[in-house]
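Both of the next two complexes hold subunit A, though its partner changes from subunit B to subunit C.
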Partner chain A sequence: MTAVTTDPQVDKSDRVTSTGTGDARRRLPRIPDRIRRGGLPYLLLLPAVLLELLIHIIPMAIGMMMSFRQFTQFYINNWAGAPWTGLDNYSIAVDFNAPIGEALLHSFLVTCVFTFFAVGLAWLFGIAAAIMLQENFRGRGFLRAVFLVPYALPVYAAVITWAFMFQRDNGLVNHVLHDQLGLTDAPSFWLIGDNSIYALIIVSVWKGWPFAFLMLMAGLQNIPRELYEAASIDGAGIWQQIRKITLPSLRPVNQVLVLVLFLWTFNDFNTPYVLFGKSAPENADLISIHIYQSSFVTWNFGSGSAMSVLLLLFLLVVTAVYLFFTSRGRKGSHG
Partner chain B sequence: MASHARSPMAAPQSFLWTRRIVLTLLAGFVLLPVYVMVSSSLKPLQDVSGKFQWIPSELTVQPYFDIWETVPLAKYFVNSLIVATSATVLSVTIAVFSAYAVSRYNFRGKRVFTVTVLSTQMFPGILFLLPLFLIFVNIGNSTGLALYGSRGGLILTYLTFSLPFSIWMLIGYFDSIPRDLDEAALVDGCGPIRALFQVVVPAAVPGIVAVSVYSFMTAWGEVLFASVMTNDETRTLAVGLQGYATLNDVYWNQVMAASLVVSVPIVAGFLLLQRYLVAGLTAGAVK
Partner chain C sequence: MRHLRAAAAVTLAMSVAAGATGCGGGTSSSGGSNESPKTLTYWASNQGPSIEADKKILTPELKKFEKETGIKVKLEVVPWADLLNRILAATTSGQGPDVLNIGNTWSASLQASGALLPWDDKNFEAIGGRDRFIDSAVASAGKEGEPPAAVPLYSLAYALYYNKAMFAEAGITAPPTTWDELVATGKKLSKDGKWGLGAEGANLSNNIHQAFVLGQQHGADFFDASGKATFTSDGAVAAVKQYIDLMAKDKIIAPGNAEYAQNQSLTDFAKGKTAMVLWQAAATTFAAQGMKPEDWGVAPVPVESGVPGTGKNTNSMVAGINMAVFKNSKNIDGAKKFVKFMTSDEEQKLLNKTYGAIPPVKAAQADAAFSAPDLKVLRDTLATSAAPLPQVPNESQFETAVGTAIKELWAEAAAGKPITTETVKARLDKAQQTMQQ
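Up next is the complex of A and B:
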């Protein structure tokens, strides 16, 4: 069990963090001028900048360019030859009365519902576990290791197991619900049809909540113990301490965590792809699968690119609005 | 021992019971698929093809031998290992240099760089998949360099998620290391690069391990790029595991055995290193 005891390590980094964040920035000018002015920082950044260009900036520029063209498989080898169509791909994508736009809107709404429940439950499970494991007791280290298993398991191995559990005829879920508990009249379909959204949410929560647990556990390490001691001297019970100290102290962590969970869940491709395959059931047709389907299955890269750009714009707006409100809130609460 | 224990007071019964119930339910939820994976991998094919049984009617280790024959699992394993290791080493090495520059120096363009890195981290993989696919195909056509379908190409695409994350986390971690440490080394006549490797890097081991663990695990589990950018020779485990489903039958016992085999090394490694992950997150991301 020594492997899962984190206390000494964490305590050390606690100390480092508290001295580092504020003071360090103010001390920056003390670095000798000859080094600060030289080209060294640029040299250090060079590999990262070159790679960022190659893997992010140039592909994004090409993606933008593709979205204004009628880009089908015939032009893969000659992209400059693809006919320029202006905003056609975009207007088709947002024409919600026509089939392509309607399907995109549907997929977008499904993704919103899915993200809401998947993120909400993952956060809830994560915070419950983090608080319940904050104090030391027998079995704590073991449980912490167990809770991190879904995080460590490769996505495809874990999700394929869930796919097996959700099989109609030989899966565990129907065996329990139908054969053992008698809750359903007949074995249900879970990976096709209306139930598939439930299956997708369950698998996503199972896979995602340990990350929330991990982040919140790290956040709990930063709460000074004196706060709890002072509160308990004042007669606050454990529930009050959780409500008045633990939850408010976790606010900065929660702000980062919810944003990160939102972005990952909204963009998730791995879980639906392994669970359902190349084309998801209508009820669980997440946006990234939808774009993949439009691009690589129906070979319409131009339309797929336009959808990618729209998705990106949406995420940028949501993130900007979120950061605006949370950073304003943060200023308000800390003076 | 528990330096961050909540309170010296004994917790009330209501809390203890809530804790027992919540933790039991969560442990059950987490372990259910693990149980299914392990027990099904030890069942004969007729068992996993019929109704689910909690207790196998007959235990067999045959699936663990068959998995290597049904699909070339060993080849996929090697491919995954090469790709995930290279992507991790590459992104962490490059991230160490750039995080050091951002954390320790003031220079023009610093803000542009950090904002770019931070924002690319949130972009969906699907956004880069199409353009990278086209770039690889076209580079191949014009220069004969086989990026599409090659391990090198896949490693490059994996940097799209591991590089920004590593840079972002390491900037936070380096910021948390007192500047006095490497400034003292600089004053003593150390060059900046020596200060980085002799002072900052050793002090940042938990952060570097955390970032490496994350990069490796994400690369090991990645499905999207692997399913588009690989061919028969370079296929990784993520795609290769689909090979156990044939037109007539899915060898579920072999699927479960193979899933277990590809998971055990990474889960074991993760649990050994997880204390670094919490330490790394504490300093790097949670501030």
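Up next is the complex of A and C:
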């Protein structure tokens, strides 16, 4: 703020003697004093605000408006003319005794189970790898780089490779499990039927854990080595050190990491879409695909929008509750 | 803070105003105009082996059109997977091409949006008259009783492709003509890791095509006269069960086919792993995979009994690509001229020959090139025993709902779970209840 509020006297003199040399300020377009004093920060924010409106807020508002209309193929040419249906789309979506609501609830529960395992395992792998790579040893740099490969690959290419590997008759997964190790009686299906949820979790964890690894590795760098030295002098073992020093120190990192992983995983569209196509098997019918199907495949944009709004509300509530409890906990530990 | 709020309010107001006028523009555009008579934009669907190949095939034709009329056509070849979403986006925004290709099963759904130029008698007159086209192709271009939403461009039909060497080895002298014969033949061939018939269990559209044909043979339509879904009629259930039973009960389809959706069944056929497939114009794919034309034979798709024909012995859906014009085109006369050019006898012969399809234009169909044995089967099927898929606005929903139900049934059959009339009916019942309109 202080940098902007220059002495008005100086400004005035600038205006009179505008022939000076080398003063950068003089080349700037003239901005009225009032704005220069109080408004400049807001002026600088304006482009961001505009883009935020255009990219996020307005489409979201339009989506919400759509959710109150009966918006089908009859109205895509004239979407403002779609009849108003009030809360009908919502009541259909949450009527869990009727097929549409039942399918949405099923898909929501599948997504919850999927998110729990996908985030949990990604976090576990991330922390294990980050701790193991704390010690300096030959090849550490190489391993660090290799671990980041899944994070660096384009999602589409990576997931489609997994889809090839999960093929029943020619895929690598069955080749190893069935042909080489003899663990299964017959080649299993991974992309259809009951196993599809496992395939989905495996790909999601593979894709997600390097991010956890990267964040946690950065977090670990900030823990003073002396704490571990002191602890080991006091006789603490490796597990005690992890429990008493590493995890509490990583708390702020974990707070953000788990939230971000949760939101990304719960909303993930690319992984199931590339793995299964536009119609996922029942056991792996994630909510993002389900909503996509309701909107874009069956052309019921109104009910698709209503489902999206419900999903948004759910994620907002979960995020708010999570932030409320985690930040309260942190204050407690500091006090 | 006050400034910020004011700025936000102004932006929001402006954007909302822009949005409102934007959709206002969409509604008022009912007739089209001739504002820019010298250019056209054309979205072609991907028909050939690649987008580049399509560009190479179509560009000289577009040059020909430019020379004739002075209208320059801007070509964009759109992959199938993107086409429907692109059309939806163009319809919503009003910013689409002038002329475009649509899959003919989407006709009624897109017709309902009101964005496409209706081909009434006057418009048909401009391209030489409705009578130039074969009836079944025009019938698959929109709802019955309404002017079609598009004009047929390339026509296709299903046929039974069989491996001659495998048939000879098993001592089979003629391709099956009824389903009972197909099952018997399939059983003779399904041994030693080889299988009688191929399927694409995870491909929703393919599931729908097969179920529709079998449905016709069982006297079921999947929709009643008023356009309401009738997925659980006895005929529909019997049709779906009969199809799944080829794997579940007759065991002539390999369980692995339940997850096929990328034309893997054609690869299996080309490798000699399966002896028969039901497909539309598979010749180019087989040739690309190293088969010689004399290696395979083509026969009409089997029927329940007797010989293929209309009604109960329908043995194919009318497959194909149509040409549509966006109503709000800025060069509506040029667009019609372009449709006329593409559906002219000469272009029809040339393009359909190149793509291995059958011309929906009668005069072009008479060309000797379309009398080769495999194309003759497709041609006869189209002329005498093919029926269009239900031309209802929610056809797209039908494909997803019933296609997915059949996909789940394949998964159950492949996992060895019993497939009964009840399980089939329960799946179809669930699919029917998700039809909202």
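In this text, the second predicted complex is superposed on the first by the 294 of 335 C-alpha atoms of A that agree within 3 Å, B and C clash if a C-alpha of one lies under 4 Å from a C-alpha of the other, contacts with A are read in each partner's own complex, and residues count from 1 in each chain.
Following the convention adopted for this analysis, contacts are C-beta pairs under 8 Å (C-beta built on N, C-alpha and C of every residue); 3 or more make two chains touch, one makes a residue touch a chain.
Computed from a prediction, not measured in an experiment: that's the story for all the values here.
Of the two partner chains, subunit B is the only one that A:256 touches; subunit C does not reach it. In the superposed pair of complexes, A:49 makes contact with subunit B and with subunit C alike. Contacts of A:274 after superposition: subunit B is touched, whereas subunit C is not reached. After overlaying the two complexes on the shared chain, residue contacts for A:291 are found with subunit B alone; subunit C is out of touch.
In the superposition on chain A, contact is made by A:222 with subunit B only, not with subunit C. Touch counts on subunit A: comparing subunit C and subunit B, the chain ahead is B. Residue contacts after overlaying the shared chain place A:299 against subunit C, while subunit B stays out of touching range. When the two complexes are overlaid on their common chain A, residue A:135 makes contact with subunit B while staying clear of subunit C.
When both complexes are overlaid on chain A, the residue A:150 reaches subunit B alone and has no touch with subunit C. Once chain A of one complex is fitted onto chain A of the other, the partner contacts of A:80 are limited to subunit C, with no touch recorded for subunit B.
Overlap of the subunit B and subunit C contact sets on subunit A: residues 35, 42, 45, 49, 54, 57-58, 62, 76-77, 79, 169, 296. Chain contact summary for the complex, subunit B toward subunit A: residues 1-9, 11-12, 14-15, 18-19, 22-23, 26-27, 29-34, 36-37, 40, 48-52, 94-95, 97-98, 100-102, 104-107, 110, 113, 116-117, 119-120, 122-132, 134-135, 137-138, 141, 156-157, 159-160, 163-164, 167, 175-180, 183, 186, 192, 206, 217, 220-224, 227-228, 237-238, 241, 252, 255-256, 259-260, 262-263, 266-267, 270-272, 274-279, 281-283, 285-287.
Remark: subunit A residues 3-7, 9-14, 16-17, 19-21, 23-25, 27-28, 30-32, 35-36, 40-42, 44-45, 47-49, 51-52, 54-60, 62-63, 66, 76-77, 79, 125, 128-129, 132-136, 143, 145-158, 160-162, 164-165, 169-172, 174-175, 179, 206, 210, 214-215, 217-223, 225, 228-229, 231-232, 237-239, 241, 246, 252-253, 256, 263, 266-267, 269-270, 273-274, 288, 291-292, 295-296, 301, 304-305, 308-309, 311-312, 315-316, 319 touch subunit B in the complex. Contact residues on subunit A toward subunit C in their complex (touch as defined above): 35, 38-39, 42-43, 45-46, 49-50, 53-54, 57-58, 62, 72-81, 92, 98-100, 103, 167-169, 187, 189, 191-194, 277-279, 281-282, 293, 296-300, 303. Subunit C meets subunit A in the complex at residues 1, 3-4, 7-8, 11-12, 15-16, 19-20, 23-24, 26-27, 85, 88, 91-92, 94, 109-110, 112-115, 201-202, 204, 254-256, 258-259, 261, 393-394, 396-397, 400-401, 403-404, 407-408, 410-412, 414-415, 430, 433-434, 436-437.
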